[in-house]
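Dropping the structures in below, format is structure tokens.
Across the two complexes that follow, chain A remains constant while its partner is chain B and subsequently chain C.
The block that comes next holds the complex of A and B.
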């Protein structure tokens, strides 16, 4: 029973990490209606920035982390300015193609700048796990889970209660209406990309702390996809529940079903849930449903 | 306050939708723009408010001046900052936000929270129904309530001029009366209006001056009370013939012949 509870807790914490990366998806999608397939690459870019400032420049963590977040924000801003700002109002297909192109480009840039070598990632969170009786909880995931919940609550408050956040929510609903009210659509989208890149970098720090850094870690972007779709692409708060659902189901499948089927079912099950939710409820659990007056 | 001089609008570099439109709105006035479907009324409004771009339209000739400053082809957000708010047709509320969140978005440029609160109170005094509906998701409000919300949202921006497109479109007569009552109160407070309407009777009842538009051109203009007495306006836009009787649909060809301003 203790092992079962331990698996549930660990799964929930991994799910919250997915939710943090998915938060980047959602923030960008809300503002620009762009489904950013290169979100995992933003995680890797963030990871390399942290590695560069901490291990290459040798800066203290208290200095390198804020600096890395600022640099990640600059990268997000530049990506939006260079590749996406001209696409405002264009078809969804164009946007999707650009983000897929961006995914390939960013992978190429990472390989070109840093090569395929596996590098050590700085230890940002304590390596020593937390022991709760017989249960063992990884410290990086625990701190990451708390950070995810704080970020989700903070961003939900920002988007629903503050004037700046409501401006961005108005952009999420309707670009033309938002601009007819004096809201700078381009400014809101640029801010969303900055926020998306910063969230991805925080995700990289939690995911990679004390591990190895290669461009293969960008797969976490795809792991976060089912969480974003289950929550609904406009819902920040819903990511918490969706992340926990996906994480727990994945953990239990890996630990209790994989031994019977020879493995890999755990890595497939989130995508099965994603396909099911797309068929049953395409707007996700908490996404904006179409309101039509008849 | 607002001046259009020989404005031409082209869509996709091909379709000429406005052909030399000139008009003027003075401070404190309510000016109505009347015309049938496809006359170019909404295009005129979009040209003024900078929302043409989203439809691949552009002001290809002429000038639009707001308080003496040219605003043709500038970003819609710049036009709002210059003091003109466009209430778009089709009741485009922010459907997933509550009524009050819509209003706060409307007043997002208020200098501080106290001013935002003051504007909210003003809107709730002007349109008490919105106070009752403040927590209602706006997508689930009735058509009339949504129209009132849009007017309230425009008032929240404390603009110099409100340009409003078809406020009575698709509303029940009782609701049209309520909407126009709010517009009358705003006018009494000194708000300047540019009103685009197909419901000519309602528009002429509140307007000081009116323009009539056909096929992208202004074909007639004058004080609203005089236009309301004009035989052609009565016949074509108020649905009343020279003898005071409503025309039969059978006589539609006769209508066409009498549209002499097109000749």
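The block that comes next holds the complex of A and C.
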């Protein structure tokens, strides 16, 4: 029984990590209507920036983490400036296609700059797990989970309650309508990408803390996809619940079903859930239901 | 896209694929060159041509799905993989002739694709693209985790060569003719599909699915059909791939390969079969150049290691996708059409 509860808690915390990466998707979608396929690549770029500032430059963690976040924001801004600003006014289809191009472009750039070697990642969160009775909870995931909840509540408030957040929501509704109301589509998309890159970097710190860093870490971008869809692409607060649901189901599948089927069923279960959601309730749990006019 | 003053005067003329004598001449010349290619060129070029023909079948399928019906498809390599595995299993375990395995591979892939296209009944917009990513992951999972005796697991499956009346397609030249015939049939079929009512329904759904639905088109069925046809082409291409490489393994059909196919239709031009062929030609040439030049650069810049080819290919192809979407979203075919209509009406501006 203790093991069961432990699996549930660990699963929920991993789910919250997925939710944090998925938050990158949702923030970019919520402020620009662009679905960013290159989210996983933003995570590894964030990871490499943290590695570079901490281990290559040898800065103190208190200095290197803020610096990394600023650098990540700059990268996000540059991506937006170079690729997406030029597409404002084109169809959303083109923007989504560009992010597919970015997916392989960014991965290639990371490989060219840093090579395929496996690198150590700095220990940002204490390695020692937290013992609760017989249960043990990984410290990085615990702190990450708390950060995720704080970020989700904060961003949810920002997008639903503040004036500038609501402007961005209008951009996500329709670029043309938003700009004719005097809202800067350019500014909104730039903000979205900066925020998306920063969130991805935080996700990379939690995910990779004390582990090794290779470009394979970008897989987490696609692992976070089902969470974003279960929550509904427009809902930031919903990510917490969706992340916990997916994380717990995945953890239980890995621990209780995998020994019988003899394979990594746990890694594919989220995608099966994703297909089921898309069939049963395509808007996700908390997404917007839109009414279309011709 | 004809210049003003040039228009068909009958339905027959409007439906024609080859519209002018020059086009007929160019087509005949192209076919003649293709038929003679193995006698004109050396081994390496034939190998590249083989790859181009197979990619052409797959890219034309993607063109119908994405270019004509407007459904982003990031699972084309998975559909190709389903076809390749079907061909491999039917040929190696049941000893079926390639005359049967190639169409059956197409059917298997089409069913797999249709399964994901079915979600179109509930989902609109590019959410549909996400199900194709799920297809990619589920395909990998199924191959790697089902019992090894079914799909070969991570070891892959060795495929016997295609055989007809005792003749074995083992040399690159014989495979070239096999690929040429199949690709020719498939591409001719594609021209038929896009001129039929299905093709017109695809274009209507792409341009505005709500309006298309009001005009009486069954939008969900049309989208599912687009996936079905696109995946059928991928399956046939996959079967040809299995017979050419004679070995299938799961890492031949990754998300990256899917994106390469997307790059082909973007470069060539969305919504044009000829555009897809041009895209295949351009992208495969670029890949060939990188694969040839890459190792030399890797020798001189040693710290980059052997992955420079893969990395360079990703950077250049990703850059090309972004560049084309920004500078010329309609692709090379559109440029060519502009050029064509401007010389047809020369010296007048329009």
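Assorted remarks:
In this text, the second predicted complex is superposed on the first by the 287 of 294 C-alpha atoms of A that agree within 3 Å, B and C clash if a C-alpha of one lies under 4 Å from a C-alpha of the other, contacts with A are read in each partner's own complex, and residues count from 1 in each chain.
As a convention for this text, a contact is a pair of C-beta atoms (placed from the backbone, for glycine too) under 8 Å apart; a residue touches a chain by one contact, two chains touch by 3 or more.
None of the values given here were measured: they were computed from a predicted structure.
When the shared chain is aligned, chain C comes close enough to touch A:97, but chain B does not.
By the touch criterion defined above, A:167 lies against chain B but remains apart from chain C after alignment on the C-alpha atoms of chain A. In the superposition on chain A, A:63 makes contact with neither chain B nor chain C. Applying the stated contact rule after C-alpha superposition, one finds that A:257 touches neither chain B nor chain C. Contacts of A:216 after superposition: neither chain B nor chain C is touched.
Taking chain A as the reference chain, the count of touched residues is higher for C when chain B and chain C are set side by side. Once chain A of one complex is fitted onto chain A of the other, the partner contacts of A:107 are limited to chain C, with no touch recorded for chain B. Residue contacts after overlaying the shared chain place A:183 against chain B, while chain C stays out of touching range. Shared contact residues on chain A (touching chain B in one structure, chain C in the other): 293. Every residue of chain B that touches chain A in the complex is listed here, in rising order: 49-51, 54, 75-77, 79-81, 85-86, 88, 92, 94-97, 101, 104-106, 108-109, 116, 137, 139-140, 143, 153, 157.
The touching residues of chain C, counted against chain A in their complex, run 70, 72, 74, 116, 119, 122-124, 126-127, 129-131, 133-134, 137-138, 141, 144-145, 208, 210-211, 214, 256, 259, 262-263, 266, 303-305, 307-308, 310-322, 325-326, 329. Contact residues on chain A toward chain B in their complex (touch as defined above): 89, 160, 163, 166-167, 169-170, 173-185, 234, 288, 291, 293.
Against chain C, in their complex, chain A makes its touches with residues 35, 37, 83, 86-87, 90, 92-94, 96-98, 100-109, 111-112, 115-117, 222, 225, 229, 261-265, 267-268, 271-272, 274-275, 278-280, 282, 292-294.
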